[in-house]
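Next up: the structures, one after another.
Here subunit A shows up in two complexes: once beside subunit B, once beside subunit C.
Now for the complex of A and B:
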């Protein structure tokens, strides 16, 4: 393959990954999946019933791995059996994965809220109707982008990765779930869910479950949460996943053998140094907590 | 029965490789700073996700890089020990890139999005930078974010996870020569060796400076046995090439 073509494909994959990361995080924010869901689940039990969507189907990595593997499996079947165009096959595969997501979202919401009736937490059918399509839409975008970039990796005329198409999609699905759960979800779980508390104060364990239930006007819904997280949590998740896909593929496309290993190691060292700079920035600008009463000097 | 014994005798070196790879993964999981659900609410130091999920996410990203490198090297000639070392190094770097980008963006969210400085609650001073930690821990929490010691520890965890996963893949390719079966089985071995140490970690660990890290020997014993069983089964699974397939 021409080097320029290779770099073009890597850039395309990086762009698709950025969109996938962003939509994955917003999908989990609307559905309140993953770790912040523990607070949504707890809220009703400690006396704060709410209208936030609640769908902890599983951890984000396994669920996204499943959607992407299903999407890629359907696409591969269409490509091999009826010789569909790749774009159409990927679109149909992503659609099937989105339907699967819709089924899981509906059953998860109804099951979880029905089991909390004793805490005055009810199944709101309007919440179900309003949110499920938004969740499925974001899941479609995520699956489409990941199955697309996996196709580019798998196709023997393009990058030609030896792993089967659905396995590549499954691994990237697992990675995007792990990244979304580690980055963007913190913005939802630590900031948006607890906006009533002072910014930067941290969340005292005693306040667990006391989630913000009222919006700027009326009751807060999970669509409001996605609106807020789309300003920071979603895009940074996209940057994280896009950086992972781009940097990993760039070093192995631009360099060969041990040079690619050295290039990757240099990237890692630079990121570690940057983290140290960030840490110092935060310590200098935020300072120690005034409530601290121990002997250790700041 | 004789066939099974012959297969085991022929591929004993692959079994040893799978066991070593499994132990690397198990030790690597202990290095990854995971705070689980509390970290997602900035109530605990580390990455706000589960142990297995992050270790698998990074290790398998490395596996993708390793798989491609294996194909490139095998096209140029037989894959020997020196090639395996290069493939494992590629997998390790791939996993390190994934985990460092995740941690740096995680710290962006903690610092810019949540407004808290990274701090560890397990040590009073960061063993690497010697910076004080306790005054920067938010009241009522057990730390937040990834200070330098956790970041470096996580990078080592990614290195070991990627290395172990790639080694398992190489050993399986030596046995059956089929990327499809080898990749699936490597993912399986990876998950076995990522799940077992989670019982040691019990939800949260900050890295090599965490007292829970001292439990590593127990995980090594458990993962040695589990990987040995996986290795014995793995070398008895033929790839499609052995049946005359593609």
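Now for the complex of A and C:
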């Protein structure tokens, strides 16, 4: 393959991954999946019933691996059996995955809330109806992008990765879930769920479950959470995942063999140094973190 | 957690017997139209795994529920492939699922013992539940692999399920089938019948996706048969799940409304 074509494919995969990362994080935020879910689950038990969606499918990595593996499996079947065009096959695969997402989200919301009846947590059917389609839509975008970039990796005329198509999609699904869980969820879990608390105050154990349940007018819905997270958490997840996909494929396209390994190591070291610098910069400019004496305003 | 309506022994017996019978009829007969039976066997194995997850995770393993489901299929995939490969090696394909099951039970027991004795989680049912979960994992994986390949022969399964990558959706959906029923119903008012009805519907979803994959690997009519049967099982159990949610939520099952009285 020509170097320009290879770089073009790497750029395309990076762009698809950026969109996938963003939509993955927003999908999990609408449903309060993964780590922020523990606070939503706990809220009713400590006396704060809510109207927030409780989408406990599993951690984000397994659930996204499921959507992507199913999407790629269906696309692979269409490519092998009826020789359909790849774009259509990927679109149909992503649609089937979005349907499964809807079913799993519905059962998780109904089941979890019905299991908290003694804490006065209701099963609100309007919450279910309002949120499931938004969740499915975001899951469709994520799956479409991930299955698309996996197809580019797998196709023997393009990148030509030796792994089977659905396995590559499953691995990238795990990756996008892991990055969404570790990057974007912090924005939702730490800031949106506890917006009533002073910024940077930390979460006292006694405040666990005391999530922000009221919006500017009326009760907060999980759609508002996606609106909030789309300003920072979603895009930052997209950039993180896009960079992961782009840099990883760039080093193996631009370099060969051990040189690619060395290039990867240099990238990792540079990112570690940059992160450390960023942390020190933030501590210096937004700190100093006060001793726990109550004498410094947070 | 309510008192179980179905005991662990009953669920295990059904899971192992129906699981193995389904796999053997579908695998040995070689008739593609019977491939769906392996899927039905795997649905019962999913239920067995889901009940074991329910019992062990009710000891407060909250975030560990998804992990334990993945562990099940992790143990299952090794044992299933080993068993089928042994069957191929000795030219006796029919011993494959049994060898895989026995190996999985041993692995599950060892992992359970290590968790309890070495890591000292000290959960009384840990050994038994992990043994059951590993057994469920191997039956789910073997069952759906046989359904997609239409054969119990290791070479055919490698060619049609592993090389093509259909193992990926089977693996991850099989794991979610085992972990999702309890995870979705987690809470103090969880009931066994609701969790188990949900495990049937999760197993049926895996069967339907396996059926979709088998369009490319075995006869399309046989695949459509699997998909239609799986869709029917899913619909009946999903509606059953919704009814049980209505029963358990009682007056809390509302169309819309503000927070309950006293919570505003």
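Throughout what follows, the second predicted complex is superposed on the first by the 288 of 298 C-alpha atoms of A that agree within 3 Å, B and C clash if a C-alpha of one lies under 4 Å from a C-alpha of the other, contacts with A are read in each partner's own complex, and residues count from 1 in each chain.
Convention: a residue touches a chain if its C-beta (ideal position, glycine included) is under 8 Å from a C-beta of that chain, and two chains touch if they have at least 3 such contacts.
Since the model is a prediction, treat every value here as computed from it, not as a measurement.
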Partner contacting more residues of subunit A (subunit B vs subunit C): B
Touching partner for A:271 - first (subunit B), second (subunit C), both, neither: first
Touching partner for A:48 - first (subunit B), second (subunit C), both, neither: second
Touched partner set for A:240, first subunit B, second subunit C, both or neither: first
Touching partner for A:164 - first (subunit B), second (subunit C), both, neither: both
Touched partner set for A:38, first subunit B, second subunit C, both or neither: both
Partner chain(s) touched by A:59 [first = subunit B, second = subunit C, both, neither]: both
Subunit B and subunit C contact sites that coincide on subunit A, given as residue numbers: 38, 59, 62, 163-164, 167-168
Subunit B contact footprint on subunit A (complex, rising order): 34-36, 38-39, 59-62, 153, 159-164, 167-168, 171-172, 174-175, 177-179, 181-187, 189-191, 193-194, 199-208, 232-233, 236-237, 239-240, 243-244, 247-248, 251-252, 256-258, 260-261, 264-265, 267-268, 271-272, 274-276, 278-279, 281-283, 286, 288-289, 291-292, 294, 296-298
Subunit C-touching residues of subunit A, taken from the complex the two chains share: 38, 41, 45, 47-51, 56-59, 62-63, 65-66, 69-70, 72-74, 76-77, 80-81, 96, 100, 103-104, 107-108, 110-126, 163-170, 213, 219
Residues of subunit B defined as touching subunit A within the complex: 36-43, 47-50, 53-54, 56-58, 60-61, 63-65, 67-72, 86, 89-90, 93-94, 96-98, 100-118, 124-125, 129, 131-141, 144-148, 151-152, 155, 179-180, 183-184, 187
Subunit C residues within the subunit A interface of the complex: 62-63, 65-66, 69-70, 162-169, 171-173, 175-176, 179-180, 183-190, 194, 198, 201, 205, 209, 212-213, 215-216, 220, 238, 241-242, 244-245, 248-250, 252-260, 262-263
